[in-house]
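Order as written gives the chain letters A, B, C, D, E and F; numbering starts at 1 within each chain.
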Amino acid sequence: MKKSLLILLLTASLGASLTATAGDPPSVKRAEPSLEQRVADLEAYVNNGQRGADAISSTVSSKLGRYDEKYNTFTPNPGPGPNAWQMTSAALVLFMTLPGVALFYGGLVRRKNVLSVMAQCLLIAGLVSILWYCCGYSLVFHKGNAVLGSLDFAFLNNVESSPNTDYSCWVSQNVFAMYQLMFAIITPALIIGAIAERMKFSAVFLFTILWMFVVYFPQAHMVWGIDGLMNGVWNPSAKIHAIDFAGGTVVHMTSGWSALILCLILGKRLGFGKENLSPHSMTYCMIGTGMLWVGWYGFNAGSAVASDVIAANAFTATTLATAVASFVWPMAEWLFRGKPSVLGFCSGVVAGLVVITPACGFVTPGGAVIIGVLAGLIPWFFCYKVKGWFGYDDALDTFGIHAVGGTMGALLTGILARNAANGNLATNLKSFVTDTPLQPLVVEQLKAIGLTLVLAVAGTTVIAYIVKALIGLRPTVEVETIGLDLAEHGEEGYHA
Amino acid sequence: MKKIEAIIKPFKLEEVKDALSQIGIEGMTVSEVKGFGRQKGHTEIYRGSEYKVDFLPKIKIEIVLPDGRVEGAVAAIVSSAKTGKIGDGKVFVSDVEEIVRIRTEEKGDAAI
Amino acid sequence: MKKSLLILLLTASLGASLTATAGDPPSVKRAEPSLEQRVADLEAYVNNGQRGADAISSTVSSKLGRYDEKYNTFTPNPGPGPNAWQMTSAALVLFMTLPGVALFYGGLVRRKNVLSVMAQCLLIAGLVSILWYCCGYSLVFHKGNAVLGSLDFAFLNNVESSPNTDYSCWVSQNVFAMYQLMFAIITPALIIGAIAERMKFSAVFLFTILWMFVVYFPQAHMVWGIDGLMNGVWNPSAKIHAIDFAGGTVVHMTSGWSALILCLILGKRLGFGKENLSPHSMTYCMIGTGMLWVGWYGFNAGSAVASDVIAANAFTATTLATAVASFVWPMAEWLFRGKPSVLGFCSGVVAGLVVITPACGFVTPGGAVIIGVLAGLIPWFFCYKVKGWFGYDDALDTFGIHAVGGTMGALLTGILARNAANGNLATNLKSFVTDTPLQPLVVEQLKAIGLTLVLAVAGTTVIAYIVKALIGLRPTVEVETIGLDLAEHGEEGYHA
Amino acid sequence: MKKSLLILLLTASLGASLTATAGDPPSVKRAEPSLEQRVADLEAYVNNGQRGADAISSTVSSKLGRYDEKYNTFTPNPGPGPNAWQMTSAALVLFMTLPGVALFYGGLVRRKNVLSVMAQCLLIAGLVSILWYCCGYSLVFHKGNAVLGSLDFAFLNNVESSPNTDYSCWVSQNVFAMYQLMFAIITPALIIGAIAERMKFSAVFLFTILWMFVVYFPQAHMVWGIDGLMNGVWNPSAKIHAIDFAGGTVVHMTSGWSALILCLILGKRLGFGKENLSPHSMTYCMIGTGMLWVGWYGFNAGSAVASDVIAANAFTATTLATAVASFVWPMAEWLFRGKPSVLGFCSGVVAGLVVITPACGFVTPGGAVIIGVLAGLIPWFFCYKVKGWFGYDDALDTFGIHAVGGTMGALLTGILARNAANGNLATNLKSFVTDTPLQPLVVEQLKAIGLTLVLAVAGTTVIAYIVKALIGLRPTVEVETIGLDLAEHGEEGYHA
Amino acid sequence: MKKIEAIIKPFKLEEVKDALSQIGIEGMTVSEVKGFGRQKGHTEIYRGSEYKVDFLPKIKIEIVLPDGRVEGAVAAIVSSAKTGKIGDGKVFVSDVEEIVRIRTEEKGDAAI
Amino acid sequence: MKKIEAIIKPFKLEEVKDALSQIGIEGMTVSEVKGFGRQKGHTEIYRGSEYKVDFLPKIKIEIVLPDGRVEGAVAAIVSSAKTGKIGDGKVFVSDVEEIVRIRTEEKGDAAI
């Protein structure tokens, strides 16, 4: 049952993707580089520029790579600095999920469900890795059509240690693929927060598979694929000239909005609104928060795919926005509720990180501070007030923080992106980024927000009902009462 | 022989123990319990959801004693555990028919 | 009230700072670099040297940066390796506070106060970041007078992704600013250890703000500012020719001595000496210790602001001293108390890290081992014996470890600094470092120790009494009895 | 007693080691490099190649290092990228032990023994560091005979910030030494898993010292020493042409097989098979697992001692194998036991990491996936079935995962190593790696497995009985009943 | 005066508390216990070793009451705690001789 | 009907449970308590401060039984819990007036 469905979906996705037609390499053999060209290549390394040989039409080779005379192909080498940073960043992003999110969410649930959260994070890590290896990376990062890549990189075929210059001149493509895998892992893991304590493990399993194909892979390709529909920075023929540095739409909007839909379809936890469902370990939540902040530097600054000026900018903006939001949220609490809570601090940290994510590589320090202030206030308002008004059980506030934060982040990126912060904006987005708050980019961002929202909401609705029909979403009342740890995993979080 | 069960505020445990020691009572068994009574719990707000925490942490002390020592012990507990604020707790006295000291198999008052 | 005080202090600090007078750039336009010069610049990158164009009087440009012909200014580019290392280091130092210190200290307090420690760490992270952004970085790292910088970098104005060659030729200045921010965060966070379980949250808040201006910013500028009073390595006209590689005086002496004063003014915890105040989770303390050790590599080796030979030396010295101290402390315990405790191991680790901090970039492996042995013995003696004699309630031994350790570290650095370990000592400190135990540097270190001690003690005394007068330092007895978590933050660390 | 034994052992080890005879440098002074040579050196930096001056017989100097005309010696500089990566990797590997393994194992024991596990990890960190400084690094990485190095690097004498080109052209030797120290620390720490909850602290102490000299140092030299008996990649005159990228034999086989022997000699825990010995905190185990995975990138990709194409390959293979194994193990559980447990996920992660360790730098992504599948199944089978059949008390499955995993990893490396994944295989192993499953390398791997197994089993048997005779291995029944935390360390893991 | 001790399933605590409140009983002391009885525990397999978890988590409620209110309270507990499945628990009633309210030193029924 | 309360050393729980099972007693309720008595606690030194840990971990077993089975049960507990060292604990026996099995509403001996 599951299998046939999967195959169906896979084929559907593939049908949609065009065959990539790589430009034919020039037939003239490449010349040895001159000393001057060799020095220029070395300078390109330091400056994160292109080797002379990187252009497909180039007639010169480079010593910073391997030239195969027979096939007239040039294989660039990665550079030690950028590769070091990208491997570090990939490890940091993995750290965000294992054990970051596992602790952040695991601490917020009741004692009897802590392992279920951890099991779901671990499951997603393994499962998504396998999908990524089989076809995910290819569907997102190989050229295809504007919506989905092709299957030419399936099973990481031809994804080797030399850079794919579509994405970086100096980072190994396989490292880039692993780095992006960590994003693909954390995104569905964020959804867990909304459905915690009451979704069957098998349902999480099936849902994740479908969701990756229906929502994540297309969305990621549209935004980050070199020929993606919404890749405003690098794709000159993008339909929507939007920008998203490290995943405001791809990661946070998709997960956040999907989380809302899924938690509505799933229904509230037993005892919601009556019993005390308070966190079994706020300390775990705080530890997870620290790890998220630290790991997020890999997420945001790593998204430069280089340890260059843009990474430095992203690093700085991330720090400022996060620190400010981490301060504003609990101050709002202090003012309106009487006490600043650790949960408030932690929520502020995560909200700041989420909102700065799409913006970090594009905004100045001043812009980052503005984002920090708003990130501390608006999601706070959603979690404390709006949630109460509507009464949905977004258990750990995935919607309140990731959907709201991701959406406002995408919008604020449109308002605050500045050429001063990122020279690349002057290439394909010259007419959109005019360094004013109401620059044309804002409209593009709104389009991107709309499209992402529709994809996430529609996709999740369909998938959730499919999973419900096939295997059911919720465990029995008894299982939910006993706790998912014992009932679904046969173990308890703690023993005396 | 009688059993005294006292429900007290947790931070009074050391004082009560000292008061009992002073009148020569050196055996007792203590456990952590949650109390529900006139003293009202606090409200925790967890990101917008409000939870009433009804049950308050209390300490239960159990002491088994020869009949003659009960009155003194109760007095010692009451005076050392009192803060005068609501929630100070209760003392219950009931009858015990037999006691055995496991180590020596002594019975009755000798086993206390 | 708080506000006006703050403004007062700010203005006072500023009044003291001179206006920075940047040397006028030469009026002749710069020439294009020759191929030879370009190669030399690339070699400078690998060797962590200066570009030809870095000197303000240089008449040549460089390809590793941007030359603006109109204003005749040269903006250097960062290098990928050093930038990668500096971003990694900054993340590691943040990790030391969140969740490192939060766990190390949080584990050592009672269950009912664990969140208060975490809240204080989080508060400090946000608060100090905001101060740093507004003026802190500028007051420390912009040129000013010997005691304080200027406000020209306020709001990170002109702090961009290109290096500030006063501090590093190849690391982005904004990354450097964020890296240094992490130091500014962890320093007041260390003070928490002495005053744990009994200081009002609002008092911690106000105290931290004042303390940063009165103690930290001046001290950091004096030691690390390029024109600082005690910057013996880089400032040829420093009054005190002292050295402090990664913060023995700036971080550990200031926090440790301030902690002592504050805990004396605050008084002992209720039940101190009577009740069992033992750690609610030694396991958290141990986890925090591991994180501190790991993160400290960013702290110490990152202080080279390059991934060069000096960073390598700092990395090595840090490992050796820490490992040795982590072994010596519990062995002393085993000998004198009968059992080696996990707290002993953890204390040894932290003591080793603290004492090697000022020395790590200046001593040989042999010197590091000597430091490790003393770091395991002397702070141990203070925590186990001296504290008992005097009876002050330095709850988690911030004084015993950081003040004692920082002070002896500063002294030992004077004794053990060797030209073989750091070539830079031969520049401005030629006559002070003679490679003998009683080299003239020792006297300079003693001067620096004295000045730091006076600043920390006097500053903290004044601030503590101001805060006490304005809002009070201690919570009510009832609050302290219930625990700060519930009373001040409305939440508990753990729920069943 | 302990002392004299130690001295004996030390002398024995030393007797065995030959004096290193460095080739005499050429007597002709070296020429300044030409511009072309300088550019080639810079390219060598980017490509992780050799400087012209690195060869001992070279007649040219290099600007990427220091030439001392007087002694006619050239001291190379490290490169910023590789040095950054190596420092990061060393910190990551330390993170694996502190707090990684401490949490992974500490969570799996009963509450009353959690600190004993942590104390043992901390002890080993300090103790092994001291041994490493005194002679361990020298015995492993200085040239000597095929079995053991010499003492010429004792006390890190001459181990400085310039690279030792035997092991890396661009990483500081002292950083390399610290990096390798972290391996020497984690290896004995893994043994703790088998003997948890029932070995005297003093016995762990003495055992570790002896074991390092008898098992680890020789094994590491044989496999990784430039003149080692089993260093197939770099030693053309190796007797056994085996390969082990990051320690399948050196780390996992030695620790795993020693663990089995030690736990057999030690006997079962009191209550084994009767009482419920289940983990006191599966959540700690999961946190530790996440840290192990993250840290293992330093372990595996760091073993390239460069952030180059081979590191990139190792990073990729590690991710794929681990993710697959983390998925396969719990799925096997789900099928055969009815429920996928968090312990199953965690075990799968660690098994995947262990098995890919020797292979990661040599196999393609496809090879890594095959390894992942087998790593999820075979150790699972050993832990769930074989252990039950034989009834030994390998408390936390060090044997089941590390011995079984390390052994099968070594074998699979022989089968799956491919020239496409690592160009270095074509140098000294041309005739052994023929890109077929039954290539001659397999036989060499089997030889290496046999030799390692014999060394570990025989060495541990002898040492264990020596320790037993001298000071005894097990605590009294009362101590074991109370728990090692209180009895041996005078503290408890948790207090209310 | 009597003491009621009820052993119930943990997730029934709120319901029982509400049922008691409704009949005006506002004081009680609650503790976490482990029960062993007809209801059998589960088996945990920990990497190949099988462990029988005999003891199941239960909640013990203690209420001291005037004699006249016992019957109603027991009925309220039984009806609110019942699921009909094995392991629902027990109610024990025993005699209490004296009660003191620590705060006021009131005794007997007045202290409840 | 009687209630037996036994305070024992924690590591003896399994043995006591087995001894009771063997004489056919299959229902009991167990809780973690802290004991204070002749057996003295240990001293923990926490970085220079010395703390006396007075309260030792103990296990309390509660069993309600028909009158006739009390003697056998007490004997079984005593013999299985004994180590002969100080701190082995106590057994208390007291009267219970009524029992109800929540699941079936059975009362008296039938409810045990």
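By our rule, a residue touches a chain if its C-beta (ideal position, glycine included) is under 8 Å from a C-beta of that chain, and two chains touch if they have at least 3 such contacts.
This structure is a prediction, so every number in the text was calculated from the model and none was measured.
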### Given subunit C and subunit D, the chains that contact each of them
A, F
### Message
For subunit B and subunit C, which third chains touch each of them?
### Response
A, F
### Query
Where are there more C-beta contacts: A-E or B-E?
B-E
### Query
Roughly how far is subunit B from subunit D, going centre to centre by Cα mean, in whole Å?
56
### Task
Quick one: report the Å distance separating subunit E from subunit F, using the average Cα coordinate of each chain.
18
### Summary
So subunit F residues touching two or more other chains come to 31-32, 44-46, 94-95
### Message
By the touch rule stated above, which residues of subunit C touch at least two different other chains?
### Response
35, 39, 42, 45, 79-82, 84-85, 88, 92, 275-276, 278-279, 337, 343, 490-492, 496
### Summary
Touching pairs of chains in this structure are A-B, A-C, A-D, A-E, B-C, B-E, B-F, C-D, C-F, D-E, D-F, E-F
### Query
What part of subunit A is in contact with subunit C in the complex they form?
35-36, 39-40, 42-43, 45-48, 79-82, 84-85, 88, 92, 110-111, 170, 276, 278-283, 286-287, 289-291, 293-294, 297-298, 301, 306-313, 315-316, 319-320, 323-324, 326-327, 330, 337-343, 345-346, 348-349, 365-366, 369
## Note on the structure
Touching subunit B in the complex, subunit E uses residues 3, 17, 26-31, 64, 94-103, 105, 111
### Complex contacts: residues of subunit B adjacent to subunit C
11, 14, 42, 44-46
#### Entry: Touch list for subunit B against partner subunit E, complex
2, 6-8, 31-38, 54-55, 58, 60, 74, 77-78, 81-95
### Query
So in the complex, which bits of subunit D are touching subunit E?
273, 275-279, 337, 343, 347, 383-385, 387-388, 397, 400
